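Given below, in the form of structure tokens, are the structures.
Next come two complexes, and both contain chain A; in the first it sits with chain B, in the second with chain C.
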Partner chain A sequence: MNKFIRIDMTAMKVTTEEVPEKYAGLGGRALTSNFVANEVKPTCHALGKNNKIIFAPGLLSGTAAPNSGRISVGAKSPLTGGIKESNAGGTFSQKMAKMGIKALVIEGMPADDKYHIIKIDMNGVTIEDAPAEIIGGCGNYKAIEVLSAKYGEKVGIALAGPAGEHRLPSANISFKDPEGNMRSAGRGGLGAVLGSKKVKALVIDETGAVAVPIADPEKFRAASKVFAKALLDHPVAGKGLAAYGTDVLVNILNEAGGLPAKNFTAGRIDHNDNISGETMNATITERGGEGKVSHGCHAGCIIRCSQWYTDKQGKYITSGFEYETIWGLGADAGIKDLDDIAYIDREMDDIGIDSIETAVAVACAMEGGLLPWGDGKAVLEAVKGIAVPTPLGRIIGSGTAVVGKVCGLFRVPVVKDQAIPAYDPRPVKGIGLTYATTPMGADHTAGYCISGNILKVGADIDPLKKDGQIEYSRAMQIGTASVDSTGMCLFVYFGIADNPGGYQALIDMINSQYGISLTATDVDKLGESVLKVERAFNKAAGFTNAHDRLPEFFEYEPCPPHNVVWDFTPEEIDEVYNF
Partner chain B sequence: MSEQSRKTIEVRGFLHLDAAFRKKFGTIPLIMDLEEPITGIALAEKLEIPWDEIEVIFVNGFVQELDYVIHPGDRVAFLPPGCPGPYRIALGFYGKNQDNEANFKIKKKE
Partner chain C sequence: MQIKVKLFATLRENREKEMMMDLTQGATPKDIIERLNIPKEEAAIIIINGRNAKPDRVLEDNDVVAIFPAVGGG
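On to the complex of A and B.
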């Protein structure tokens, strides 16, 4: 990957450069975060002309390495005000990598209000007017159809939906998946940044591209085989995610008393059977038709945690129907009907809005009296209003922190203004430390992976106690930053955490692709360096350790059934980043 | 706790055990009579759940080893291998599953 492409939306000019030396060994999150730290003014307004947005495939994207098709997007976040990397599946990353494109950067902003399409193919990059029919409220499903008909069925697409056009802080960027549905770079409002630059979509056509060059193909193939086996031999691949999706976690977290319910006032619900992964699997199977219990979000995915959820007639409603979305609407907002939740999920994809932020915002809006508790039909109408946008739609689309302020609430589950996801930090304390300290704002995926000996940090963890949690959160955040830089899906976690051979195979694939000789220590150091760069950006943007704290209510409202509170001191929390 | 629940336990099965319980017992949770304490292993045997299909058990919301003693009135859940993400560490599985056949290490294939 030797091309570094800049699209200046002020001058409407495209520049293709060689990859700057300092970025040569970086990919995915390592590249996006270093770029944002180097080139974006930390104190700039996220929706102003000085913010820049960067798209980068991972180090292994475009190769035959299993699960290597994630695309990273980076910018200053309009939701948190800090640095943001958000990643997704779909087809965009692999096409970029095959075309030799290390990064696409969009900077500046046009003076007029016209929306544009950025078209990338082997002849270069052009900036075109967006088709009128996909502007001003057109849903993403329809927009993808229109763009695919115009530019080719197999093109890759990155898209700002109506929420992005309205520059709402929860707007995501939607990526076309292999079947023409969507995967989302969900968190942090990067769709609003794209919208602020008057870019409706990026369309990529790799026709004519050759295979990604591999320095030592034989060694790469051997390592890839070991890596694939480490994933497929593991029970999560066969028994967990492939059958039940991430929604398998509803019953598990509910049983552990860590499933936040009714705007974080409890850790367990009684209607878990209505919304569990087991029920989703049984429902899809029973309904037949277009339903699939297992589906890959990008070519080369062998874990296949996605699914196609259908209506009673077996017709597709939504895909990638994730635990966090189902938890947010089902447990936190109390909607008991999985079909209602599926229609809301579809609508959120269609509007292009983060389903975690929106679900938590909805639960807050219920506590604030803006919506009735548990009313799926009312929530669907409110979410549809985001595309208009209605006043309520604008409020909900502005995220949980804004809803909390509008409603005069103290129970507002956010860190750095980003909503806390589906694991209550009081009875699952290690994840609470990650919510508090990650530069991303509350984000479960910021502490998702580990590279070293898992037993060193995991053997003595009691979820309700403090012991070992600081080391756990630190190791998880470092490991995640490393894996986010490879272009790998974070679900490779179990294949590398439980199998040292799997982790070495991941490093061997990188080494044989680039003809280098990284060690496990080098990869850990990369993760550490990414976190330090991100934290330095946030510090320059005005963040201090005081922003690395959970909302106060967690300290004095015990979470039933275990009735525990958040009890880490500020000094203990600050230890997480002492490395 | 009612007099009745003092003599019974509430049992759930997750992942494929959810469908298996529903097929075999017709409902989840299964309310079982229990007069005397019983280990998780003995309860699994009673329910005909193979040991290697259980990574950990939950008892009253806490992750426990398979040989943990269950008492009348307890709420129990059997969890097969398959819990994704880092939650197996965060919820404390690693301190409880090391002597277990289904401890999530890579299984030997025949």
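On to the complex of A and C.
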């Protein structure tokens, strides 16, 4: 990957440079975060001309390494005001890598109000007018169809939906998947940054590209085989995720009393069976038709946690129907019908809005009296209003923190203005430390302590106790920053957490691709350096340790059934980033 | 003593998902797992009354025992 492409939307000019020396060994999140830290003014307005947005494939993307097709997107976040990296599947990353493109940067901002398409192929990059029919409320499913018809069925697409055009702080970027549906770089409002630059979509056509060069193909093949075996042999990575999707977590979090319910007022629900992964699996199987219990979000995914969820007639409603979305709407907002939740999920994808932020915002809106509790039909209407946008749509699309303010609530589950996802930090203490301290704002994927706290993969820590949690959250955040830089889906973690051979194989793949000799220590150091760079950006943007705190209500509202509160002291929390 | 047993994910294949079991004093989750013919390595996570527990924990009357295979997500 030797090309570093800059698209200047002020001058409407494209420059292709050699990859700057300092970025040569970086990919994915390591690259996007270093770039943002180097080039984006920390105090800039996220929707102003001084923000820049960068797309980067991971180090292993485009190769035959299993699960390596994730793309990282970075910018200053309009939701948190801090640095953001959000990654997704789809076909974009592998195409970029095959074309030798290390990064695509969009900077500046045009003076007029016209939307553009950035077209990338082997002849170069052009900035074109966006087709009028996909602007002004057109859903993402339709927009992908229109763009695929215009530019070719096989092209990759990164897209800002109606929410991105409206520059709402929880707008996501949607990536076309192998079947023409979508996967999202969901969190932090990066779709609004794309919209602010008047870029409706990036379209990539790799026709004529050659294979990604591998320094030592034989060693790479061998390592890739060991790695694939580690994934497939593990009961979670090889079997469980494919059968039940991530939604299998509903029941286990519910049993553990850590499933946040009714805007974080309890840790357990009674209607768990309506929305569980077991039920989803049975429903898809029973309905037949277009339904698929397992599905990969990019070519080469062998874990296949995604699925196609169907209606009663067996027609596709939505894919990538994730635990966090189902929890948010089903438990936090109390919607008891999985079909209702599926239609809302589809709508959120179609509008291009983060399904975690929006679901938590909806639950807050219910507490605030803007929507009736548990009413799936009312929520669907409100979410549709985001595309218009109606005033209620704008409020909900602005995220949980804004909804909390508008409604005068104190129980507003956010850190750095980003919604807290599907695991209550009071009875599952490790994850609370990650929410509090990650530079991303509340984000479970930044250091998934659920693993050792609840799932007993990689560690065995009592979720209700503080012991070992600080070190664990730190280690998980460092490890995640490394994995996010490889282009690997984070779920490979389940296959390698308890399998040193599998982890070594991951490092061997990188080494044999690039002809280098990283050790496990180097990989840890990379993760540490990424976190330090991100934190330094946030500090320069005005964040202090006081922002690394959970909302106060967690300290004085006990969470049933365990009736525990959040009791880490500020000094203890600050220890997480003491490395 | 009466114990409520709940099974999840693959453990539900060919088994009831929820049942009451009459067990003798001193029984442990291990006894339940054996009685249900669940291969030991498949009972990866045991949660008793909302708390993670080991298979040799001595049960008490009215305990709720949830048994999961290895599961993950995120």
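Going forward, the second predicted complex is superposed on the first by the 564 of 579 C-alpha atoms of A that agree within 3 Å, B and C clash if a C-alpha of one lies under 4 Å from a C-alpha of the other, contacts with A are read in each partner's own complex, and residues count from 1 in each chain.
Basically, contacts are C-beta pairs under 8 Å (C-beta built on N, C-alpha and C of every residue); 3 or more make two chains touch, one makes a residue touch a chain.
Since this is a predicted model, take the numbers as computed values, not measurements.
Legend: residue contacts after superposition of the two complexes on their common chain; A:Gly257 is shown touching both chain B and chain C.
By the document's definition of touching, neither partner reaches A:Pro110: not chain B, not chain C.
When both complexes are overlaid on chain A, the residue A:Pro425 reaches neither chain B nor chain C. Once the two complexes are overlaid on the shared chain, A:Gly195 sits clear of chain B and of chain C alike.
By the touch criterion stated above, A:Ala230 is placed in contact with chain B alone, chain C being left untouched. More chain A residues lie in contact with B than with the other chain of the pair chain B and chain C. In the superposed model, A:Gly441 makes contact with neither chain B nor chain C. Once chain A of one complex is fitted onto chain A of the other, the partner contacts of A:Met476 are limited to chain B, with no touch recorded for chain C. In the superposed model, A:Gly161 lies in contact with neither chain B nor chain C. In the superposition on chain A, contact of A:Asp247 is made with chain C only, not with chain B. Overlap of the chain B and chain C contact sets on chain A: residues 234-236, 239-241, 243-244, 246, 248-249, 251-252, 255-257, 268, 278, 305, 448, 450, 454-455, 457, 462-463, 490-491, 494, 561-562.
If you check the complex, the residues on chain A that touch chain B are 230, 233-236, 238-241, 243-244, 246, 248-249, 251-253, 255-258, 268, 273, 276, 278, 282, 305, 423, 428, 430-431, 447-450, 454-455, 457-463, 472, 476, 490-491, 493-494, 498-499, 561-562.
Taken together, the chain C residues at the contact with chain A in this complex read 6, 8-10, 12, 17, 44-45, 47, 50-52, 66, 68-74.
Looking at the complex, you find that chain B touches chain A at residues 12, 14-16, 18-19, 28, 58, 61-63, 77, 79-87, 89-92, 94-95, 98, 102, 104-107, 109.
Residues 234-237, 239-241, 243-249, 251-252, 255-257, 268, 277-278, 305, 323, 444-445, 448, 450-451, 454-457, 462-464, 490-491, 494, 561-562 of chain A are the ones touching chain C in the complex.
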